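Note sheet for the following structure.
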Amino acid sequence: MTSRQQYHDELEALHSRLLEMGSLVEKVVARSVESLAQLDVDAAQNVIDTDDTLDAMEMEIEQRCIRLIALQQPMAADLRLLATILKVVTDLERMADNAVNISEITLRIAGQQLVKPLVDIPKMAALAVQMVHDALAALVQRDEALARAVCERDDAVDDMYAALFEELVDMMKSDTDPIRVSQCANLMFTARFLERIADHATNIGERVVYLVSGERVKLG
Amino acid sequence: MESKQPVMSSRHISLWYDKTRALTDITMDIPEKQVTAIIGPSGCGKSTFLKTLNRMTDLNPAVKMGGFINFLDKPLQQYDVVELRRRVGMVFQKPNPFPKSIYDNITFGLRLQGVKKKSDLDAVVESSLRRAALWDEVKDRLKQSAMGLSGGQQQRLCIARALAVNPEVVLMDEPCSALDPVATAKIEDLILQLKQEYTIVIVTHNMQQAARISDGTAFFLSSQLVEYDTTVKMFENPGDQRTEDYITGRFG
Amino acid sequence: MSKYWQQKLFTIVVSAAALFSVGVLFFAVYWIAKDSIGVISWEFITDMPRRRMTEGGIWPAIVGTVYVSLLTMVFAVPLGIATAIYLNEYASKGWVVRMIRLAIRNLAGVPSIVYGLFGLGLFVSTLGLGHSLLSAALTLALMALPLIVSASEEALKTIPDSFREGALALGATKWQAVRHQVLPFALPGMITGSVLALGRIAGETAPIILTGAAYFYPLIPRSVGEQFMALPYHLYILATQHEQVAVVRPLAYGTALVLLGLVLSMSMGAILVRSYIRRRRTW
């Protein structure tokens, strides 16, 4: 028999709600990257529109966490779960913001002739999206090993970002066409946003490690 | 649990009431000048364990015990029990002042030891009541009956009474369970102050209380010590699933 | 019959029973008082009996009863209280204590004439104390003992264990805990219980006839070795043994009223004191 049934139900519901938000964020991130790759204005606009929903979800989840802490004095695993939800919800919201930023860039450069075919950015995007997916999967399954694996992949994304940064800087140095320079800058920001998304995924991985083991770690 | 020098250390303590097992192989150290909390569901043996620490369990002839407990340099059994209980004081669940004046309550222990000089007694009454954060409330009515005090004041009087004989360890058996939240908060503040000078062991069924005031927490379940660690560890990330279940309220 | 009427009927039956009991008591008092009130006077109480007990007062019987009662208490109260302390505070709860309790309870049920015979055999003859105040008091003490032990145990049981634990936890020995934190609070209850027991013992006739009460001894005893007159025995004599029973009948009623007054005032006093203590008790 389980006691404090209502409290634990609410905790469970909150966890589900976070995962719901997570899957929505994952979709938004993936769509923003696709919209960029295909310069799909509608998809980009859709990402931007979804942001309000996600902001509202973040506020709702945060409020429910605070209420549970205030009223139920969660301890041990429950406490770690709430701490994790509070942290992860912020990471998710930031990821969504980054997806919005990427979509805004899509809107900005749609219709332009691309300076170079997008090769590295989709690769980096694929990696980041996979990290988001795995981080959330680790959270669902409370899979510490998967969480740690996600964090390890952050270095690869960082390296790609560094390489892309160098490349785009070089291109901007040798170019004088303002549109193309601005496009390079936009792509550089895109790379930066993807790198941030990967960082947030890493954060989520770290929170999962804490949730499961109680150990606070800095990974990636 | 890495910590300061233990004042008391129990080794493989087992205890039976007739044929009923109340404690099973309890081994734990009580560190000096810290608050050690013992938590667990009713009937888990936590109060019984507390009572072994000043040999109050000796009072029940049906009790059989195995293992030993060291207090400082030697086992409890080697102390004169009267001397031991002076040095290891106890505060009970229900405030139990004697139906006498506040003054007589505090001085009872000292009088037993033969202290008679009024000035000595007066000094101890004041210092004990001050330490128990009760002096200001009762200094003008020391000769009045202790039964006229509120429940929280009575409990602080009982703490003062225990402090009056200058113990090294103070055992508290659910000292706030009969008190309202304000009185409870006062006792908790008091406990945090007292640990500067005394080693405190507190049995509580209020987990938040254990979390608020203790440095180390021991979790007892069905006569066994399941887990004993720093309070922070116990309440954030306990090592044993049973502790986890109890602390998060999934126990039952 | 409806529930209502069942209820009504039952209430009436039990109330009537209660009223009847009280009525009997009042009737008895009235019956005695109506025939004795003319006899009661200062002289009746303070005079010696004269002219073969057909005249004069009952002073030596009053004094004798008071003396024997007080002497009984001197023996029975300390022993009874000590026994109660042993049973309640010291003895471990085992079959020995159960046997002792059983014995004491049975002692209370022994007929008083048997006590008398026992006192005659032990105190009067074997110990050579003779027909005396001392023998009678010792015999009555044996009778009072179970009552006092029970009353004292009850008083000790009202003292919460927390007092004992509190004292022990402060480094008191067992005796110190009992002496300082149990006895002072139990004592009033013990004393009132003892006085109630005394009220029942003071009216006993059979034991003292056999051990020390005199048929006619118009003197105030000056030592515990002397015989004495006692109200219940005096009453018995006046009512049945006197050669002029009809003549002394009013004196018998007077004696009965004095005895009744003595015993009732003792009991009432003890009950009042006890209820006062209970009201004032703060734990």
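A, B and C label the chains in the order they appear, each numbered from 1.
Following the convention adopted for this analysis, a residue touches a chain if its C-beta (ideal position, glycine included) is under 8 Å from a C-beta of that chain, and two chains touch if they have at least 3 such contacts.
Values in this document were obtained by computation on a predicted structure and should not be read as measured data.
Distance from per-chain Cα centroids to the pooled protein Cα centroid is smallest for B. Note: the chain lying farthest from subunit B is A, by mean C-alpha position. Spacing of subunit B relative to subunit C, judged by their CA centroids, is 48 angstrom.
Subunit A and subunit B have Cα centroids separated by 51 Å. A separation of 93 Å divides the Cα centre of subunit A from that of subunit C. Listing the residues of subunit C that touch subunit B in their complex gives 92-93, 160, 162-163, 165-173, 176, 180-181, 185, 281-283.
By the touch rule above, subunit A contacts subunit B in their complex via residues 1-4, 7-8, 73-80, 213-215. Residues 207-208, 211, 234-238, 243-244, 247-252 of subunit B are the ones that touch subunit A when the two sit in their complex. By the touch criterion given at the top, residues 54, 56, 59, 61, 82-83, 85-86, 89-90, 92, 94, 96-99, 108-109, 112-113, 145, 147-148, 158, 161-162, 165 of subunit B touch subunit C in their complex.
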